[in-house]
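First subunit A sits with subunit B, and in the next complex the same chain sits with subunit C.
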Partner chain A sequence: MTAQVATSAHSNPLDLHGADRLDDVSRPTKHDDAWRYAPHDLLARLLFGSTTATAQQAPAVAVNRIPQLDGPRIVIVNGVIDVDQSQIAALPDGLRISTFAGSATEPTDPADDVDSGFAADAFLIAIERFGSGGVAIEVTDGHHLDVPIHLVDLVAPNQTRNTPSRSAVVRLGEKSSATIVETRIGTGPVFGGLNTRTSITLESNAALEHILLQNLPETQIHLGRVEVSQHAGSTLRAHSFNLGASYGRVAYEVHLLGAGGQADLSGLYFGTGAQTLDQQITVVHSARDCTSRQSYRGVLDDESTGVFNGGIDVRPGADGTDAQQSNDNLLLSDRAEANTQPRLEILADDVACKHGATVGQLDDSALYYLRTRGITANDARRLLIDAFASQAVDNIESDAVRAWIRARIGASHA
Partner chain B sequence: MSIQLTSNWLGTQRTGSDHRSIAPLSSKRGHAMTRTSQEINDLAEASYEYGFSTDLDTDIAPPGLTEDTVRLISAKKDEPDWLLQWRLKAFEAWQGMTEPDWAKLEIAPIDYQALSYWAAPKQKPVLDSMDDVDPEIRDMFDKLGIPLHEQKMLSNVAVDAIVDSVSVTTTFKATLAEAGVIFCSFSEAVQDHPELVREHLGSVVPVRDNYFAALNSAVFSDGSFCYIPSGVRCPMELSTYFRINSQNTGQFERTLIIAEDDAHVSYLEGCTAPQRDENQLHAAVVELVAKDRAEIKYSTVQNWYPGDENGVGGIYNFVTKRGRAHTDAKISWTQVETGSAITWKYPSVILQGDRSIGEFYSVALSSKRQQADTGSKMIHIGADTTSSIISKGISTGRGQNTYRGLVKVMRSAENARNYTQCDSLLLSSDCGAHTIPYIEVKNPTAKVEHEASTSTVGEDQLYYCRQRGMTEEDAMSMIVNGFCREVFDELPMEFAVEAQRLLSVSLEGSVG
Partner chain C sequence: MLMVENLSTSIGGTPILEGLDLSVGAGEVHAIMGPNGSGKSTFAHALAGRDGYEIGGTATLDGVDLLAMDPEARAAAGLFIGFQYPVEIPGVNNMYFLRTALNSVRRARGEEEIGARDFLAVAREAMELVEMKKDFLNRSVNAGFSGGEKKRNEILQMAIMRPRLALLDETDSGLDIDALQIIAAGVNSLRSPERSVVIITHYQRLLDYIKPDVVHVLVGGRIVDSGDHTLAHYLEDHGYANFVNHDPDSAPGRPLTGTAS
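And now, the complex of A and B:
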């Protein structure tokens, strides 16, 4: 991460004083690997800065789009909690939810980056400087929650402050378990974006299933980062569904800090129109005998672009590491584009790391086979795409969440 | 023509008998050739053949690189005006560029103004006998199984043996001329075949391509030129050994190979013996042009001085190698990189014509404090183009080895196909292996696959071999050679044998 700061920012990324727009010097450029395929012209138009409102209400049109799942729900509209739509009364035992204003953390000093361990970029700085607030979720030691915690972000940008920045801090105590679903939706034809940071700490032997569904309108930009610190014996299962936004960015950085941790990340991105869907995944093995899996699949239609930049970093001493990564892309149109960069950076010797990436199109012989069985060309196509995409959905543990995600994917790409 | 550093910018120069340069080595010892002392002298004094007078001994340009330096180099080489203008354009481009910093390399700052870009041909001390040769190098010769008189040639020991009176070189030159193949130094080509040079120079690697290519274009000293006429299959494998004219061409070497329609050539570069040029910057450019149905096979075994265990000394090797393959043409790069303190090298193929083929086979070893950032680029433009990349990285000691590659399928490349396999082997706990591939696909009919793995040599594998009576070192050597086999299979036979031995020598001490 220090390397990223050193190479990306030619100047101090804190040069944001008084500015609500990230100026040219602190914004990443095409020369930063992590931002190589991003639409830099659009990023330049994002306006940060704190919202003036102390309370927000979801626009009526959007209310009925808020997913109805059992369990606690926090609805954040333009970066501010909407109390009416949230359900955080009568929480189950062992769950604490609180809200806070501003940023959850002190503003990042580049000198501190080494300590925090997570890669800093201009948008993280924006969250720390302009963050409108956020939510803290804590599951106490030994508690197992059997209903998902639902975090809904709703973006209805206006012309002056079009990009809310919010944080969420999640801590799972020792031997606890939970499922957290984050949904990002938006409304309106106005250009804007959402800039989020979710910081997760899993104490020893905790287990978290984290699901992220990004379905912003194509007028908007999604910048979502998830940071996970995993202690000994903890388990993370993360599934991302990157579907909406003109530029949809989902960044996971997972640090395996304690022995025997497991991180299993998977994702699906499904691009249409002129979308760019960008997955930036890094798993850092800092402790012995940890296991990690990354499995990302992209379906790219029309003129969409899919990006996968996935890294496995094995630090010195992380012996016994078992890490695998795969990225498969399906191009459905001759204008679609897939860019994949599966990285391995290995500094320990007793490791087994593998990665694979493929780019291809629907198998003609499979299509032909289905058609000889009387299935129409369109249906055959859909069947094959569903089969390709369903891997990511099948991995979801909770039946309710799985069914709901399946319906969402079907709805947005019928 | 070589260029010497006039200041000690890369670290401590070795002194005394250690500081000695070794000339390139033949790959053809399998042919049991003999050499005349005349030939040895030719080798030693090759630079003089370019028409420089002896007073060049004192003719060293002051350190620094300005437009005047470029003009001086061009004038000294009696170059036509178009080439001077081309160099000047490159120099202007270079001035506006900055050194690339994206590679995973830690490089001490290079002061380009502290170098001298024009110097008298390098004089090597002539030694009386092999006893004067650095024992470390002698030891390596023995292990590689290099014949004694070749060792002498390499070490610049005066040879007085009376051998075959016909110059081997002349024989080969005659054979090549008969076939219509032009194979000469770059300087000769500029004088004798200016139209060919002018047409193709910079056509594959433009002057502004990258920082080091621009630098090379401005100040390149010499190199080799090879032209295979239409329909000709080059009667022999061309290698640097026969390229006596361009021996010690120095840090800024320029190679241009043109294969006309249906032509075929296999070109070997480098040497397997240690080249003890120390503390130097090498920025070479190699351009290959394969016309319709032509085939170029380019093999490199590089064993420049890697520096010592503490990272002192060693060559900085920044190389731009690229080929352009026209319709149905094939370009194949094979490299075994065991030397140099720094390797920055990405042999590439532009698959321009339909059905053209690009291949890259690589073994890169980083031991001691070596750093290698190497890989390949395959740019698919034509339809039905195929490329494959097989890369084997081995890290040991405190070496850092990075595979960095790009596979790009343009919109026009219908049914393009790529297969990439990058395997890394880690042999010590202080080394690193990194894989950074870029895959960019803009055509849905393309099939692109990338696979990579990183692992270590298992205790169980070593144990199994030792049970069968092998020493631990032999076992390690065998396992590593097995790991590299797919690449060695691509090398011409004599090269492959040497490469295997070389790997064993380089791996010494990495067990346990």
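And now, the complex of A and C:
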């Protein structure tokens, strides 16, 4: 991976006028389906500043928040890699980690760019223009990493440049496997945000477990984008935990490019206060005999809003597709709101496609049953909420990561 | 032990129980029988603390006013209700549920909580009582259980909670004869001078296996007759017809020859 600087080669209609913020033309509006529930007034205040201007050592209070997982760790503070906090020396065999400055990815030759179809939006352009650089992670062919790679973003906004934009590029070689955990945390009372792009390529028969834990403070906005290109026989298991931020956006776009690929995406969002937690999920089936699952659960308390916008896009020729989608919401308050929107476009034959959505409340009869057994009303509520949410945690493969996520969820919603 | 006086309940202004009196002494087993709609289940749930009733009268357990308490406090006071329709709770592990329940009650009583290992021993013993397989503890509470398994799980909970008073609401409904015998054996082994049981049922069948000290007939929200276990046989033979639309204050609803005493 070589260092790259953003070029102006893009001819995107959503072009940028100002130097550091998206102008009215570039910014999405409520009329864009994918941005319908976003706080547009706050998005207008994001300053996507350049890079070194915000580089700073992590405040001590923030460093203490960096969670520990065994294995390689990359800590990115305000979009800039903090070498002191990172552990990228003595990497296991088959793993390469490097850093780059500037733009998200290397511009590719359009001729061999078979998968240029990721949807562009203003924030992607912001990353390409103002990206502070990022990290490249490569697992070489045939290697199986048994410790998770941990990517930690820490946001401590200052008044001038409040929204770091960074990239991660991940490539798993043929028949390799790995677990990557991305944690986003922040500190401080200052308004700001984090804009991330994670571009993942899974070569043939590679297997990746990707976990994203978003737990920014409620003064901040999270714009997280994950793009995945999957080649034949590869497997993705993605789990997102969208917990923090005033507006927490987690967008996955998965392209199944080779036959027999499997994409299993699941997520949990847990809203309190006035949070809006937005999952924008799209799986594109471009090859035969691929399987995809989207399984998202939301727990929404107070005046929080949950959004699930899930797309299944089956391209011509993608016969033998097996795609399912489900979105279940638990409303804990009568002021909470769940919005769910399936988008299905099927242009192939021999396709099995299912989707379903539910919105419900805690089961009064279950609460009563538990209370007759001496369990207090509070404990009974928590037991039922945990039971609803646990499905999203149970299918994490790594025991250590699962236990750690459980503890994190418990800690942020005790 | 249990003293119920002039208990009345209504839902949305519709009366269900209308002045029910019942007194159950320590170690006694009482059966409450009655036709559909007579208020049997309402009685159990009014004592257990379900929301939605307007309640009058009094009910005390060991002198403690049950009706003023939350359901969980009633459990801590020693009340247990076996549900006619045990609730399925997907995602809540049965073992975890049972231990949480026991420890909640112990905590409320100021007793020490029981650790996972010690609890396992308690659970195993209770499981033997109702002939439950080991994997039972690892399943979600009642989720996907057969009718018989759900009812056995109720008795298992009773065995773990060791209540002062158990109200068993139609525990025999939907059971085949084998399951009925297992449940009866479980309840019988939990009988003690310290523990009372109130069995609510349509049929005398369960009472062939758990012999009650007193049988009550509940009709129209009141107990209209009481007798020994032979009253159950009378009801089995003659049904409730003689008691329905009958004013209990005027004359007995059954021929006096039917009363064995």
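Note that in this section the second predicted complex is superposed on the first by the 383 of 414 C-alpha atoms of A that agree within 3 Å, B and C clash if a C-alpha of one lies under 4 Å from a C-alpha of the other, contacts with A are read in each partner's own complex, and residues count from 1 in each chain.
Quick note on the criterion: a contact is a pair of C-beta atoms (placed from the backbone, for glycine too) under 8 Å apart; a residue touches a chain by one contact, two chains touch by 3 or more.
Computed from a predicted structure; not experimentally measured.
Enquirer: Tell me which partner A:Ala387 touches in the superposition: subunit B (first), subunit C (second), both or neither.
Expert: second
Enquirer: With both complexes superposed on chain A, which partner does A:Tyr368 reach: first (subunit B), second (subunit C), both or neither?
Expert: second
Enquirer: In the superposed model, does subunit B or subunit C contact more residues of subunit A?
Expert: Subunit A has more residues touched by B than by the other partner.
Enquirer: Would you check which partner chain A:Val359 touches, where first means subunit B only, second means subunit C only, and both and neither mean what they say?
Expert: first
Enquirer: Let me test your reading of the model: by the given contact rule, A:Val351 touches which partner, first (subunit B), second (subunit C), both or neither?
Expert: So A:Val351 only meets subunit B here.
Enquirer: For A:Glu337, is the partner it touches subunit B (first), subunit C (second), both, or none of the two (neither)?
Expert: In the superposed model, A:Glu337 contacts subunit B only, not subunit C.
Enquirer: Kindly classify A:Asn158 by the partners it touches after superposition: subunit B alone (first), subunit C alone (second), both, or neither?
Expert: Neither: A:Asn158 stays clear of subunit B and subunit C.
Enquirer: Kindly classify A:Pro316 by the partners it touches after superposition: subunit B alone (first), subunit C alone (second), both, or neither?
Expert: In the superposition, A:Pro316 contacts subunit B only.
Enquirer: Under the definition above, what is the set of subunit B residues touching subunit A in their complex?
Expert: Result: residues 101-102, 409, 411, 424, 426-456 of subunit B touch subunit A.
Enquirer: Spell out the part of subunit A that touches subunit B in their complex, as residue ranges.
Expert: 7, 31, 33, 316, 329, 331-361
Enquirer: Can you list the subunit C residues touching subunit A in their complex?
Expert: By the definition above, subunit C touches subunit A via 48-51, 70-72, 74-76, 80-81, 83, 86-92, 97, 100-102, 104-105, 108, 140, 157, 161.
Enquirer: Looking at the complex, which residues from subunit A come into contact with subunit C?
Expert: Per the touch definition, subunit A meets subunit C at residues 363-366, 368-377, 379, 383-384, 386-388, 390-391.
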